[in-house]
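Look for chain A in each of the two complexes below; its partner is chain B in the first and chain C in the second.
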Partner chain A sequence: MFQADLITSGDTVTIQMSGDLDALSAPSFHEILQQVATRSPKKLCLAMHGLSYISSAGVRGLVFARQKMGDDMEVVVEGANENVAETIRMTGLQHAITIRESFSA
Partner chain B sequence: MPATVASLVAVAEFIGGAVAVAGLGDKDAYRLRLAVDELITNVITHGYPPASAGEIELHSSVSDGWVLFLIVDFGTEFDPTSGHRPIPVVDPDDLPVGGFGLSLARMSADRLIYERVGGLNRTIVVVRRSGRDLVAHDDRRPPWMS
Partner chain C sequence: MDELTLLVVEGPEENAAAETHELTRALAECGNRPVLSSGPEVLAGAHDALEPDLLLLHASLTAKEVALFGQKWQHLRTPPGVLLFCGPDHIPLDAHLDHEMDFLVPPFTPTLVRNRLERGHQRRRLARTAAELDPYPSLSLLQHDRDLKIGRQIQQGFLPPELPCPDGWEVATGFEPAREVSGDFYDGFFMAGGRRAAFLVADVCDKGIGAALFMALVRTLLRFSAQNLWAGGALAPFLLPTQQVFLSSPSIGALPLLSTVHGANRYLTANHLQQAYFVTLFFCVTDPDSGRLLYINAGHNPPVLLRASGGHRLLRTTGPAVGLWPDAVFTIASVTLGPSDTLFLYTDGVTEARNAERELFGLPRLVRLLSGMSGAGAGDMVGRTLAEVQAHTGRAPQSDDITMLALRRSR
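After this line comes the complex of A and B, so read on.
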């Protein structure tokens, strides 16, 4: 089951994610991203150390975050496991967002 | 099973069972799930008219070191193996919000076979034990980065 918790600290918004992000859970992730967009943070941190799976439906959320929240906002993926990070890289999105292997919030 | 996203939970459990019997490692299991998940999601999203009661069948054949899944649907004729739909290498602002799914399925599966039989779409996915990465992507650095 997918779970996402929103944490705001200064100009940074962190979404702590766990479970599976697929077509079933993607709408709730998208809803959370819409909430983030209203806060206009300078940095969005996607803490994925608890995320076990991501499909293209989840990657679409990352594209949305990158495109809709402005060029001034940095999007960082932290703590993704090897398979999740590889899936994101397969789409070429690693050139638009920062992917860090270890969690350091 | 019903052609709805709620069925993806059962699909994941079904795949997990096959993976255990075949003795696939973590990377191969992930590739298998990604391929089957994306193909089934595509049928759910595009195969049937909205709000219709479409059905999808999922069959497996498992042996030591490999898994074969047969996905059968009764929806619109569609060959997921036809044409090349590479993920475009473009500026991130121009990335399409959709269209990744079938590309991910093709890169993840070791074999992908499609046939149209008697009004049915039959798609076969094979993943073997290899431990390979999903795909080499070093050569997909977009022009705007150079």
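After this line comes the complex of A and C, so read on.
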């Protein structure tokens, strides 16, 4: 069961994600990203400490995030487990998204 | 099964009465006591107080009458199912074929009739469950089913009927589609007048009809480019990026391979970036005589190269997924398959197959499994891997396509 909570702190928006981000849950992740885009933050943190699995549909969500937020905004993935980080890296998305192992606001 | 409340409606056709009688007799033998009626009686409201489980309508009734009768009891918590029936001449059914109706045709033996009633009843209970979950069931379920069907047809239509198999090689594939359509595909074709054989396995991100359409586009782009760039090699340099890295000096097949992947990436990022679809792929060109294989791994799960002497090597990514960045750099790498070496390509439907406890099959397990059968033929390897993955999944639903392609140099 995918869950995403939105936390705004100054110019940074953090999405705390948990569960599985797959084809079933990707549409709700897209909706949340739309909400974030309207706030025009300078930084988007995707806190993946609780995320157990990401499928290619989920990675597509990250591509959406990168596109929606524009080039000036930093997108950071934090706390992803080994499998999730490997799936993101394998796609080559680490060139456009910063992947950090631990969370720092 | 409990006795069902059945309403049998006779049609206006000459033989309808006899055919209706035959059906009601079979229904009675199954322990049911159907209510018999005619079209005008139903329209006049003669049975409005009835709460039927199933309407059995003669196929000589018009499509409009059938639709009206079907709607008449939609206010019930569990509306009745609808089954059309006819005589040995099936022609009256033709008028209803476009409306996705269920049919019951002679012979009306008690066993067959009972079976159809039970299946209809089960389906109706499922429909009720879906209706309770979804406020607009009929529309969304129909659209979903239709999309599934279209997407599946697109996908299946683009898989090659057979793959090239050079002398001294074995080639085997496995494709097990998930219920929800996704965008896996494999392909293979000869190039350079049969001197090279190209193979690829690809996976379009996400699922649904959009992914299937994208898969059709990508497959066409890749195959067309690869085969035509070879014939018209003069075009190839124009499609290459300005900064290109070769891990070794370019050789036969290198330019078409690189130009094809780069050209597809350029086309997709120029025209389809907004849809945020991308495709991961492993694309290789093999020299059947020497066993040398040039490849690009664009963001794809690493194929497993199994050495006949034991040991393995993972052919990891040499570039990002295709369709993400216009200026992406794809690098060609090469490897040589010796006699009895095997290259095993697959999509994430294999390594990400999950059991009821949500545990992944995983790459380490796949490598262990393949390493244990390095002497096996390509077909055997694919078959045993599929069986293992399915055993792991057990009763959990298959969430993604399982696609495999094994290349074995047998001598």
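Note that the second predicted complex is superposed on the first by the 105 of 105 C-alpha atoms of A that agree within 3 Å, B and C clash if a C-alpha of one lies under 4 Å from a C-alpha of the other, contacts with A are read in each partner's own complex, and residues count from 1 in each chain.
In this text, contacts are C-beta pairs under 8 Å (C-beta built on N, C-alpha and C of every residue); 3 or more make two chains touch, one makes a residue touch a chain.
Predicted, not measured: the structure shown is a model, and the values here were computed from it.
Upon superposition of the two complexes on chain A, a steric clash is found between chain B and chain C.
Of the two partner chains placed by superposition, A:H49 touches none, neither chain B nor chain C.
Of the two partner chains placed by the overlay, chain B and chain C both lie in contact with A:A23. In the superposed pair of complexes, A:R100 makes contact with neither chain B nor chain C. Overlaying the two complexes on chain A leaves one chain C stretch of 20-28, 92-100, 164-172 or 200-208 clashing with chain B, which is 200-208.
On chain A, the surface patch touched by chain B in one complex and by chain C in the other comprises residues 20, 22-23, 53, 55-57, 59-60, 63-64, 67, 83, 90-93, 95-96. Those residues of chain B that touch chain A in the shared complex are 5-6, 8-9, 12, 26-27, 30, 33-34, 37-38, 41, 44-45, 87-89, 92-93, 95-98, 100-101, 103-104, 107, 133-135, 137, 140-142, 145. Those residues of chain A whose C-beta lies close enough to touch chain B in the complex are 20, 22-24, 53, 55-57, 59-60, 63-64, 66-67, 82-83, 86-87, 89-93, 95-97. Those residues of chain A lying in contact with chain C across their complex are 20, 22-23, 26, 52-53, 55-57, 59-60, 63-64, 67, 83, 90-93, 95-96.
Per the touch definition, chain C reaches chain A in the complex via residues 180, 182, 203-208, 273-274, 276-278, 280, 299-301, 317, 319-321, 324-325, 328, 348, 352, 358, 360, 399-400.
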